[in-house]
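Each structure below appears as structure tokens.
In the two complexes below, subunit A is the common chain; its partner is subunit B in one and subunit C in the other.
Now for the complex of A and B:
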């Protein structure tokens, strides 16, 4: 097919692929099955025409991945494929009246063609069916169109990339379909040791890969800002230690092994320092570990619990949980002058806070009426809004676009992951195939 | 090395003194209660010492003179030791004082509610509370190691208060006796 507006985009894809290389050697399957449980009322109506008829013969059904991404985001009302009667693969084949009658604003069309044994050409065009037709070639209706070449292993990530492009074009917000999530899976068997594993999967739960498997607890995974390393707490030696793992090679470095607690690692935005919690002084305090020099700087003092540090996006301050006022509340430590300010006042249990990417709000664990839920607090007004209602929610982790929060929840008596939008309108559940899933961490943008 | 906080020790000495008075008040009770960790309806039960002099070591998990694992339970978000355990802890401390080669590991745990790393901190404070009582009563620091697993190692898997009560605990485990 000939589309003049097609843009070559191979460079970005090659970059994405090189980052994803080590995830490619196993067949794609999902350990977590994503289910949209609540979508936006005014979701954007969209039709996605299957890119090819023989999708089963291809390594990845690209248009199905895109359909699942966009439908599960809660922001789109994607027309069921079974309701489609027309299947255009190029602009000239589009009958605009047909799509307008289906009440969709936009139609995504595309093609997948096998070039060589392991090489595929994939193209897509997103079409606004209400724009005026100015001439015969229908170019004016194209919002965005691109063409790519990938091998079999890259098809799924390319599909997520197309989802990102469509999402941004239609919502104005950057998509997170090509990001990853880390989480801990706990499997308890009768008469066998408990199995803890730290895994990394695509944002939709596909391609899960273990980073560490242990008979002892693993906690607090934290992505480095470049997405290439992960810090975590391991009890493999029957006490807490903090390690940093290189995600490409699996090589790991022991970074904190002091007497008592070694916990809650949090990377500085520049990736040079790790905020950690140590109790070597007698009670848990927050320290900064310089990853180049190894030097340690103690931030908090006193007799209370000080834990769960999280950096402001500009790196100027650290928020943390402390029970210095009685119950756990969120405080801010200003790194320039060591001043500590209390940030939360609603309720008697607020913990595990982290900043939104714009620094204007924090998400945290908030107890209300005996129930533990995820809440967001606007820092300027102090107004707090509870986003979940499950009652045993914890460990909120924000997506890099600031739109979604991944958290741990309970469903059917098991630990599962949930996603809620920061406006509370979209809810997604990611139950595990087996075991309990806990302590999720959303990756930064990876390309 | 971990530093014991002077204020904490002082507070504990005061607590222990008042507890001795308390337990002697109840010492006329006819039988001792051998099951550590038992809870009464109000969350507190009184334990008598029996008529014999000193401790009846069997009450505190000693089997043929050898100590066994002890479990002490706590209230939600609290690291205060329930006074019903004071005599038990004293008995463990005395054993440690009499057996310099004996070693214990104290594991602090919480229920599943609340934040995980905060619970690690809370579990450590629970284990620290037990450690401090052992030290005050004659155990030596080098005999004791402390670890907190927070909410990561529940012994009861339910999502209800019955399970939570069992999981809010500090386990005293003899690694050498």
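Now for the complex of A and C:
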């Protein structure tokens, strides 16, 4: 018994010693320190597996909508569906090595199931291909997974919602897929009066519906900051007037009906004021209309043209286009001290400027070599970057996340809408409408 | 030699004492013999007889005188005898005394000798002891020197080793920084910078590598607070796998764990 314990003790000591020796013989290496400050600018490679359909005919191809949303967002490099050879619809079916070979960072899978005649169950999961090198922990790879139930009419909306969720998950920023756009459609037909329509559509150009139809010109639609109202200029009474329409009720209010020009309305960020252009004193000048009191304050003076006002995101200043220096250039009017500063110096034609949501840059119409293109100017450095090259682009309007710019362009002899990413990498045309599409305006976030 | 020097005076003293003693003995002996010789020379002179004309009275007188003379002679002889006896007795006494003294001296001498022998013995012992001590000391000294030499050798060796290690370390650092740059370049090519990153935001990742550079795991040990930034970095590391690492297994040990700080610098897009 005693001998046994001694032997045991000896064994323990030997073990302890050998452990000590082991640790002494294997030096402990501290982790090597590295620092990386540069990467590459580029779109995130993403695969979207067509959602499994358990019924033949569906009102909306959900995964196709998501694919278009994300592909057109400027932030994703979505693998073409034709290149896919594997179509997993659940986590267990995912072969991570396959997706890694395709060099995608993430995979979106999902299903659409018809429950009743007009009810559909839709689920999706976003999978991080690189979260773990080992494939044994599937749950860990899922970035986000959700389930929904919608009717046929809500499917497109839900698809945009999924796009937003994926976008936010992967970029850390809000997506704009469930926002809307407003624009003017001008339709001219032989032997028919010209038809002007103010329309609102989904951000991808689908689901257009008219807000106002008129035989007289409609111009300058402007979204209220809460997205519930829209100001616009209508010539329905043969001269320019500014109205505000409640989008839910269709009720509208006349807010500016001064002699001469009543134009270019722009909402203050708090929604209480409207910057407008009036020519009641002779030449166009910028005025502030208080929507609650109705009071009018003139901001710009002089004999030059001052037009196209746009608010800074903090509401402290207004930028506008003026030819006071000869050609049209962008100036900033500081509301605190009425000081005017010139912002643009590159080229002899800069107009229709608006702030990016972060207030650090402005997007504008920029003429270069006789071509009118959309450009973005960094306010700190003054550096201008031209984003489009069509030469006949105009009316830029930035998406609320600052990633995309909606603008009016010409294609096939017609006015169409285009979207360009602020880095200039992605450029798309929205679905064509009959007639000429003009003066687009991107809505704020609507929820 | 040392002992001889140390005992020179006692030795000299002993020699002198002996010489004096022997001289004394010799003188004593020589005086006794000369006296006896003188006595022997007197004797024949007394026996000489002169033959002359004699008258009775004269003869009687002569006889009387002769008798007288004889008597006197006898008396004298007796006196001589007595004197001689006394002398003899005295001499024997002297001799006795001398003998005793000699014996005493002898004893003393022996004593001295013995003492000396003992001293010598002691000395020898001491000598031996000292020798032993010296031997020991010498041995100790030798040992110490040997140890010192060994230590010196070790020192020298370790210095050389250190020098070598330093050099190796320098070489290692060069290799390491080379591969560090390769790794950073590999990840940089894969790192899709998220737009709109907050100024100064950074994430720190702990990367574990297998030999050959395969990324085993990436752990976010400091989140930037921006999940898109965190994930972009992690994905970049995985996509850059296998990372370029040294083939040498020893050097690779340095690359088993990498701590990567990703901090997007504005306007530094490659």
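To be clear about the criterion, the second predicted complex is superposed on the first by the 373 of 447 C-alpha atoms of A that agree within 3 Å, B and C clash if a C-alpha of one lies under 4 Å from a C-alpha of the other, contacts with A are read in each partner's own complex, and residues count from 1 in each chain.
Following the convention adopted for this analysis, a contact is a pair of C-beta atoms (placed from the backbone, for glycine too) under 8 Å apart; a residue touches a chain by one contact, two chains touch by 3 or more.
For clarity, every value in this text was computed on a predicted model and none was experimentally measured.
Asks: For A:50 in the superposed arrangement: first (subunit B), second (subunit C), both or neither?
Replies: Neither subunit B nor subunit C is touched by A:50.
Asks: According to the stated criteria, A:154 is in contact with first (subunit B), second (subunit C), both, or neither; which is it?
Replies: A:154 contacts neither subunit B nor subunit C.
Asks: First (subunit B), second (subunit C), both or neither: which does A:205 touch?
Replies: A:205: touches no partner chain.
Asks: Is A:281 contacted by the first partner subunit B, the second partner subunit C, both or neither?
Replies: A:281 contacts subunit B only, not subunit C.
Asks: In the superposed arrangement, does A:103 touch subunit B (first), subunit C (second), both or neither?
Replies: Touch partner of A:103: subunit C, not subunit B.
Asks: Using the superposition on chain A described above, determine whether A:431 touches subunit B (first), subunit C (second), both, or neither.
Replies: After superposing on A, A:431 lies clear of both subunit B and subunit C.
Asks: Shared contact residues on subunit A, subunit B side and subunit C side combined as an intersection?
Replies: Of subunit A, no residue contacts subunit B in one complex and subunit C in the other.
Asks: Going by the contact rule at the top, pick out the subunit A residues touching subunit B in the complex.
Replies: These residues of subunit A touch subunit B: 188, 194, 217, 219-220, 235, 238-240, 259-261, 263-264, 277, 279-284, 303, 305, 307-308, 321, 323, 327-328, 349, 351-352, 365, 367, 372, 392, 394-395, 410, 413, 438-439.
Asks: Could you list, by residue number, the parts of subunit C that touch subunit A in their complex?
Replies: Touch residues, subunit C against subunit A: 176, 180, 183-184, 187-196, 206, 214-217, 226-229, 231-236, 238-239, 241, 253-265, 268-270.
Asks: Under the touch definition given earlier, write down the residues of subunit A that touch subunit C in their complex.
Replies: 27, 29-44, 75, 100, 103, 105, 128-133, 169-173, 358, 402-403, 423
Asks: For subunit B, which residues are in contact with subunit A within the complex?
Replies: 1-5, 7-8, 77, 112-118, 120-122, 124-125, 128, 146-150, 152-153, 157, 159
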